[in-house]
Amino acid sequence: MKPLTRRQMAWCAARDIVEGWYINLGIGMPTMVSDYIPDGREIIFHSENGILGMGGAPKPGEEDPDLINAGRGLTTLVPGGSFFHHNEAFVMIRGGHVDLSIMGAYEVSAKGDLANWTTDSDTLAPGVGGAMDLAAGAKRVWALMEHNAKDGSPRIRETCSLPLTASGCVTRIYTNMAVLDITPDGVAVREIVEGLDLAGLQKVTEPKLVLASDWKMIVAPEM
Amino acid sequence: MIDKRVESFAAALAGVKDGDVILCSGFGKAGEPRALIDALAEIDVRDLTVVSNNGGSGVNGVAGLLKSGRVRKLICSYPRSGDPVVFDQLYREQKLELEIVPQGTMSERMRAAGAGIGGFFTRTGAGTRLAEGKETRMIDGQLHIFEKPLPGDFALIMAQCADRWGNLIYRKAARNFNPVMATAGKVTVAQIAELVDLGTLDPEAIATPGIYVDRLVVSP
Amino acid sequence: MKPLTRRQMAWCAARDIVEGWYINLGIGMPTMVSDYIPDGREIIFHSENGILGMGGAPKPGEEDPDLINAGRGLTTLVPGGSFFHHNEAFVMIRGGHVDLSIMGAYEVSAKGDLANWTTDSDTLAPGVGGAMDLAAGAKRVWALMEHNAKDGSPRIRETCSLPLTASGCVTRIYTNMAVLDITPDGVAVREIVEGLDLAGLQKVTEPKLVLASDWKMIVAPEM
Amino acid sequence: MIDKRVESFAAALAGVKDGDVILCSGFGKAGEPRALIDALAEIDVRDLTVVSNNGGSGVNGVAGLLKSGRVRKLICSYPRSGDPVVFDQLYREQKLELEIVPQGTMSERMRAAGAGIGGFFTRTGAGTRLAEGKETRMIDGQLHIFEKPLPGDFALIMAQCADRWGNLIYRKAARNFNPVMATAGKVTVAQIAELVDLGTLDPEAIATPGIYVDRLVVSP
């Protein structure tokens, strides 16, 4: 079994985004999703600091310190984009206007509870940013994360052991081993990497998995 | 390609059903999506609730919609404005349920719906007849009342310019309720005077970003 | 005793407006106040349909149906004016940013309660418009009204007999007989028309009046 | 003649006193009123509460203000951003009280303060550690928590252009918290890059009408 690379995970999520969706990408791995939107599929990226229609990184010489994304990285605006204030950006999030939030996660529970803001692991102060607003407000939340923690313990848990970001918000999880849906009937495996079977995946996943009737093998390009 | 334009008023209003709450923008004739409201009056639905600042003037627009008999209830701040012949008759004959809401509270309730707020406390109306039956709370020594969000199944709005993403620019005081109603409609339909190419609207001056807008219909 | 005309009442209020105030004028007599702002005193007029910096009526040929005031009358914008949406207009009102609201009134109580939205007198539906927002939200509220009802009964009452618009909001009353302040010590007469004395004014006023230490006679130009 | 310009940072900050709540705008360096914040760090006041999205980066701006020892409490959504050397040290030494607020709730609480809202219910944070001790309510089957307004004694904001009435225009994503903080400050002070003649700003594109702005200080 060869787990997916981080870029392949982002590619998987990008592939499933529907044209016309307004999307907010979390800092870190989720940001990579924007690199893999299939050509010709129009998607509008939202940034909580007041941008709709965020584009890619600026060309050298075109950097503008007033045009940054939620991670303080330099960005651009595409034709059709708009600027507005922070409160309006969060009306879009909290009011359910953002179609999809893709966030990293420490843990996701079988019921879709999300824990992604603090590990309580050190003496540094935690920060929540817009994570709780996105988790509670976006129309749908996808988690993008390694299937297991560094010590091998499962990150898809019966219940989260870490402090919650929001309850029951995650509907889909993209990991380096599988794509899973949170359903009323349990955690359903939609896709699985080549060379891994349900039993193998179950071993590294706490809640009972079910196989979606239309499950398939992940076929991702090398990257 | 994202293109929110629809070709007809019928398509713009597809999905309106009995009992729906319809937010109708406009303050007087400024910013009123007249053609959309007139088209709604032609659709065979009933028991609508209309949210509009007024009860209409003359026999077209909101007045025409009331006259069509499709409206069970009107939520507004000031029912009688201009020439309220239709409203007055329906009210006298008790054929129309009326909820009077202070103008700012009406706007704020729609904003709450659009912003995911479950309800809020306001001083407006506290201690008055319009607060009867409402939860009260003393906050910082002042009496407040609890107001609930006011979402619409449809929001019918009017803008001067739009691009195919639904970004909207208004004209002067015709802006009025349009931006807030745009956020509060489950389906937001904008009657627009002009469609322009994507990228031609000033990104700093777009008053309603397209995220709130579902359908555009051109009515020059 | 010669009571003030409606224009003289508006003149009195205009005279007392401080430069730099943001002001909302109610429909009817209060609108006339804008005609009498002393030359050179910069005042900014607010309209609840989304205008700051409202000017006077347009010249013939310059009327714009999209540029109307809260009474649906055609208006203009002065340099420095701005347009915004209805909700923002009411943030200004409800958030205490509007310095002064001048409204007509049916009754004002000794405690500053305002009744100006319905008389319950006929079968027509009442309308409240923005009156309750202004009464509860503006930094200060001045009432502009005839001192007595048509039947001669006082409109400044111990307690209002009509349904309230808001409690304790009015701080000053301009009538055709006097200018009065609502104070913790009672209703204080600041100014009084020529030929009327405190006893005379008291006869047509329900609450006990007190004379302000710096009270004066109203000297208004003929109009 | 209305003229909100003041000639110095000292005049811009006149009246700041011990225990004041200071709203400091900016997201990263964009839209941060750096010169105003630096000037505040020079004023002899103490026990300030600072509301800012972050705890500052490096040693200037909000970081410099924290380092000055004038701040008792920081309210923010994400304290550690960029290079949080000052914040980290103060936090480790327990010399700074910290209140973490979700970014949207922080913004909405300031809007509530500016809009005369006595408090509101939101789903954000419900059922989490950040909701501990907060009033809860089930609304339409969803758990909400009650949040209170967050007003500032002073709001320090930054804009690109202003006229003497205090009408403001921002630049791109430097708009961020500026408009909402402008509404929530008892005294709102704008550091501006450029002052333009009254009447030259597009009335349709003014992002913060001057009614919210008390003082302007030019810092090119």
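Labels A, B, C and D are assigned to the chains in the order they are written; within every chain, residues are numbered from 1.
Heads up, the rule we're going with is that a contact is a pair of C-beta atoms (placed from the backbone, for glycine too) under 8 Å apart; a residue touches a chain by one contact, two chains touch by 3 or more.
As the structure is a prediction and not an experimental result, all values here were calculated from the model.
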Counting C-beta pairs in contact, which chain pair has more, A-B or B-C? B-C
Between subunit A and subunit C, centroid-to-centroid distance (C-alpha), Å: 56
When centres are defined as mean Cα positions, the distance from subunit A to subunit B in whole Å is 35
Which integer distance in Å separates the CA centroid of subunit A from that of subunit D? 30
Tell me, which residues of subunit B touch at least two other chains? 108, 111, 115-117, 122-124, 170-172, 203-204, 207
Provide the list of subunit C residues touching at least two other chains, using ranges where the numbers run on. 77, 83-84, 90, 93-94, 136-137
Return all touching chain pairs. A-B, A-D, B-C, B-D, C-D
Complex interface listing, subunit A residues touching subunit D: 47-51, 64-68, 72, 77, 83-87, 90, 93-94, 123-133, 136-137, 163-167
Interfacial residue positions of subunit C with respect to subunit D in the complex: 19-20, 22, 40, 42, 44, 46, 52-53, 77, 79-84, 88, 90-98, 136-137
Subunit C-touching residues of subunit B, taken from the complex the two chains share: 27-31, 55, 76-82, 87-88, 91-92, 98, 100-105, 107-108, 110-111, 122-130, 143, 170-180, 207
Which bits of subunit D are touching subunit C when the two form their complex? 1-2, 111, 113-117, 163-165, 167, 183, 198-199, 201, 203-204, 206, 209-212
Where on subunit D does subunit B make contact in their complex? 108, 112, 115-124, 137, 139-140, 142, 144, 169-172, 202, 204-205, 207
